[in-house]
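Both complexes below contain chain A, partnered by chain B and then by chain C.
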Partner chain A sequence: MSVTPEKLLVVNDLSTTFATAGGPLPAVANVSFDLTRNETIGIVGESGSGKTVLSRTIMGLQPRTNVAVTGSVLLNGNEMVGTAESVKRGLWGTEVAMVFQDPMTSLNPVMRIGKQIDETLRVRLGMSKQDAKARAIELLELVGIPSPSQRYDAFPGQLSGGMRQRVVIAIALACSPKLLMADEPTTGLDVTIQAQILNLLDELKERLHMSVVLVTHDLGVVATRTSRIVVMYAGRIVEIGSTRDVFANHRMPYTRALLESSPKVSNASHTRLITIPGRPPNLLKLTQGCSFAPRCAYASDKCHQERPELQGADQPGHSFACWNPLPTTRGDSAS
Partner chain B sequence: MLRYVIRRILMLIGIIFVISIGSFFLIHLLPGNITAVIEGPGASPENQAKLYKLLGLNRPIYEQYFVWINNILHGNLGTSFISQTSVATTIGNALPIDLEMMFLSQILAFAAAIPMAMRSARKPDGIVDRFFSAGSFTMLSVPPFIVVILLVLFVTYKLGIPHTGPSSYVSLRADWIGNLESMALPAITLALGSFVVYFRVLRSDLIATLQEEFITMARSKGISQRRIMWRHAFRPSSVALLGAAGVNIGGLLAGGFVVQYLLNIPGLGYTLITSINTDDYLLVQGIVLVVSVGVVLINFIFDFIINIVDPRISRE
Partner chain C sequence: MTDTTQPLLKVRDLKVIFGKGHHAVSAVAGVSFDIFEGETLGLVGESGCGKSTTGKALMRIVEPSSGSIELDGTDLAELKKGGRQLRNIRTRMQMIFQDPISSLNPRRRVKDIVAEPLDCWKTVSGHERDVLVSDLLSKVGIDPAVYGNRYARQFSGGQCQRISIARSLAMRPKLLICDEMVSALDVSVQAQILNLLEDLKAEYGLTLLFIAHDLAVVKNVSDRVAVMYLGKICEIGPADALYEAPAHPYTKFLLGAALEADPDSPIHSQVLEGEPPSPMNPPSGCRFRTRCPKATELCASEEPMSQEVAPGHQVACHFPLSITRK
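== the complex of A and B ==
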């Protein structure tokens, strides 16, 4: 009997490189972090920073062709990198499941939603038709869909975005996964629905004893819901630490820029949304230096020549990658 | 959905009405003495008089139309003055042959196209896909009558089976094995043409569908590749396929005549050609009417199937 590992997820030096017409595209590079049981970790970063690719690679759900994955992902003791799809299939749904980014495209438009939930239960858990239907209706109820037995026969097109995302969550939860990857589960939904879905996820996480990887580009979303935060830029982790450290004591200029661009955490007086000037780098043309350098107000010569590695900050578990880190506010007040 | 169906049925009735007017004028607008033209060179005065009355030529044109359509609705398409047989009977004998040929060829075409398209779409531009695609592209450029000739040559000289040629058609009722033998060549020929279209349409739609997010989602459930193909990818990829099938099957009804003529299969196409050659206008009219209505009905049925297969369409 194998011992249940203490960490549910251990990601070590994970890189995902796509073979494209323009050459190798390093969408995720040298990512390492881990996750304990019942923990929620946030992954934040601008659009294109590699959040989706990272979360899919962790699951082993990257495209089947034109992609190279190196490093290691231990999911409840199972190595996901380099593993045959037939083996991963046995882990998907039960060990790890994903809530996809866009509920408008992630449900099969020509299959009744009940059937889409049933399918997992019948194929993966070997339930009978009747049992699966009963369980599917329970799941629809669990995720807060009104009159679930009627909705069971609806097509996705007959439901609103928020309702569809609830269905996606119901599917993800069908086989009681230990880890839930939530890839921007509320993008594209309106604000009140966003809060509802996030609260639902929180509640279900507690109830079902899951760990959650919550991906978002909105720091406001992760502020109160995660214990730790991973900040990504151009496929790399540029800062990682406890949620408190990342909010109150970040050292990396990009993290600050991200915080300032997030309307919910800025001062009440600063209602204007500040977007980070410039664009994320072209991943096909990365330079030797810090990939944030072209947009960074603190950039020095060194920043353009050499890439900063992650280094430990004052607090344990807090690291950042920057040559000219921001001063620590906590350090000042403590002294 | 119900509203959609009602709308389509009203449209269908409208189209059939237009077709009936077209077929009506096909005869009634013939120049000169219609009765003489219809009956051909052997027209006798009394037959002419009979036809004159039958067509109601002494009455106003709209009344003529109502008389005509009333006859048709009672299954009376007139009696050919050339062969002295009822047009309805002649068509009734020929039509099942077309239907059988259509059925066989479509079964063959789908049985080959669907698994091959699925295999191709799994790895686009892979070695299997390249082979299938190149093969289908070659076939696309060869017209059916060439295929028939090549097939006949192949069967006769390579396989040494005596040419199942003219007047060797065996009816299904008489001897079903013999019937299948005589139908094999035309069915394969027609199947090839359909197959190429079905394979290409389904392949490209499957490739597009497999890129969709809901396929990744299905994959993340941990279900088999086979199940993803059949349960998730096939149905949303089959709209264009069904559209093509509707057009194709209609086309076979109207256009199977080349193959029928070359292989002496006495279906509607064959009969149409013979009736044109013998100036059998009433028979031409009957066949045109039946074929046109048939094509419209087939399209209607496929439209309906497409709506069931993809509920997004009638909702839009």
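== the complex of A and C ==
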């Protein structure tokens, strides 16, 4: 606790398993990665890939019952797994804060937005009423809400989706967290508003020296905003590396499928999309092999029988989990 | 595609006003466009711009306040609500909705869902009907022998959207209106559905109105694209030309804000400030002027009329951007 660790976040062999009527559901399995200070990492995957459960587990926000978490999450030297809620409470807000996907449901609709920001400041930082109000107005200004002192008294329903998301960000930033977890912060917002919010997050990260975990299904969101990317499939990391390596030198066929199946503005109209058959697996019925094998064009017998572990690629920090990886340069893969 | 022929659908000055008096919201404030046979027109815009309302008004799911909707020369807006003629003409146009799961009855069997239009119209029956239903399900990639008797609730979003497509094709419509049909799907499933739509369009000779907010998706499927802002079309033109050289400042901002899955793509330097004004109280003149960096007094006083900047490329702006190619 006393020494400041070099890595802000170290996730080691983290698994989150839910007990369901259909048996244990491994939503997150054996995930390890770390995050340095002032870095933005992207976690991408389709729905059900475990990205949201992973970010909630890092926060320590899993339900109290029917869930088993193993492994370790070291947040600025503090262990989050197995820690009592009273201890975690001391870390929420100041060490780590979260921005959720839906800005309507993460705000209290019958409480003025100013009060919702004040609450954090008064409870966590013990500020007086006047100080908290002044600070809340400062925060509203920081996140780019016009006429903040008037907006202080507004209800969430009086604000647009983009403005509400700014309020959620203001609450998250209230106690100057070292790590900001942003779970699909722009999903559901229009493109022009999305651009505003992403720019805001970037700017705030620099100004407040935060680290950011950006969780999204949209590869476009992480392409220019992150230094590294984690690709998840069926609860596991299938590829991790610098943003450039993951986009240009990906080795895992799923990463390629994800990249190539999304339409691009720069492509001509009626460009045929490259698709992979099927859909993500049912986590209750996972086989012992690679979870992507049933959809993979390169799958061999080994893929169906034995799960590949993450292995290092040519570039440092770049790993992938695949028995039959794609060749290193994309040009070769066509032949 | 075939510019010289008569358009299949001709929409003129379509308006949809919800509410009355000072609570009135003009969701669609006078849009005009043509869709020619065999082409796909993409309709793109941000939430609240009126794109979905336009689609629904064409089907008369919501009632247009004024304007004309001519399908093959028959004006739908003139037909009696709930009347026989409207029912008849609706077999030639079908709609696919955004949420694939809620647009199917969870407690009905897949083959009955697809057969519903056929049963309503009693065009075919008995064995012939079953063969047709099986054929439709196979066409959308659902094995009728295995899945035909299952309930809609047993399917995933992507599969439900396939079933919706099969149902919409049952009456062999000419025009298909797709309202955000892939926006609830994961990218890998989205790609499957978009490719399927292109295949079926070719096979059934369909004409499409494809409504979506995702610029990349719209470009991928469309021959021509119309951009809507606050109830009006601000630009319409051939997909490739419009994306390469937008003439309306709003289109340019919209394209600039689109995120490309490429680490080398430029980060948004020019971001459109503010948010769209309320359609209850739209700005005078050009509706985009409150956010437009090029706006002048003329934009506030006079509404820009649609003008042609290139063949088939129209823009409603007093000061359109130069569209000379690089």
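What to note about this one:
Rule of thumb we're sticking to: the second predicted complex is superposed on the first by the 312 of 335 C-alpha atoms of A that agree within 3 Å, B and C clash if a C-alpha of one lies under 4 Å from a C-alpha of the other, contacts with A are read in each partner's own complex, and residues count from 1 in each chain.
One rule holds for everything that comes next: a residue touches a chain if its C-beta (ideal position, glycine included) is under 8 Å from a C-beta of that chain, and two chains touch if they have at least 3 such contacts.
Just so we're clear, the structure is a prediction, and the values are computed from it rather than from any experiment.
Shared-chain residue A:Ile171: touches chain B; no touch with chain C.
Look at A:Val110: by the touch rule set out above, it reaches chain B but stays clear of chain C.
After overlaying the two complexes on the shared chain, residue contacts for A:Gln288 are found with neither chain B nor chain C. Counting the residues of chain A that each partner touches, chain B and chain C differ, and the larger count belongs to C. After overlaying the two complexes on the shared chain, residue contacts for A:Ser160 are found with chain C alone; chain B is out of touch. Within the superposed three-chain model, A:Met98 lies in touch with chain B and out of touch with chain C [touch as defined at top]. By the document's definition of touching, neither partner reaches A:Gln130: not chain B, not chain C. Interface residues of chain C, counted against chain A in their complex, comprise 46-47, 156, 158, 186-192, 194-195, 198, 213-217, 219-223, 239-240, 243, 253-263, 265-268, 271-273, 275. Those residues of chain A lying in contact with chain C across their complex are 46-47, 160-163, 190-196, 198-199, 217-221, 223-224, 243-244, 247-248, 257-259, 261-277, 279-280. Looking at the complex, you find that chain A touches chain B at residues 56, 59, 61, 65, 85, 88-94, 97-98, 100-102, 105-111, 119-120, 123-124, 155, 157, 168, 171, 174-175. Chain B makes touch with chain A in their complex at residues 123, 212-214, 216-225, 227, 231-232, 235-236, 309-312, 315.
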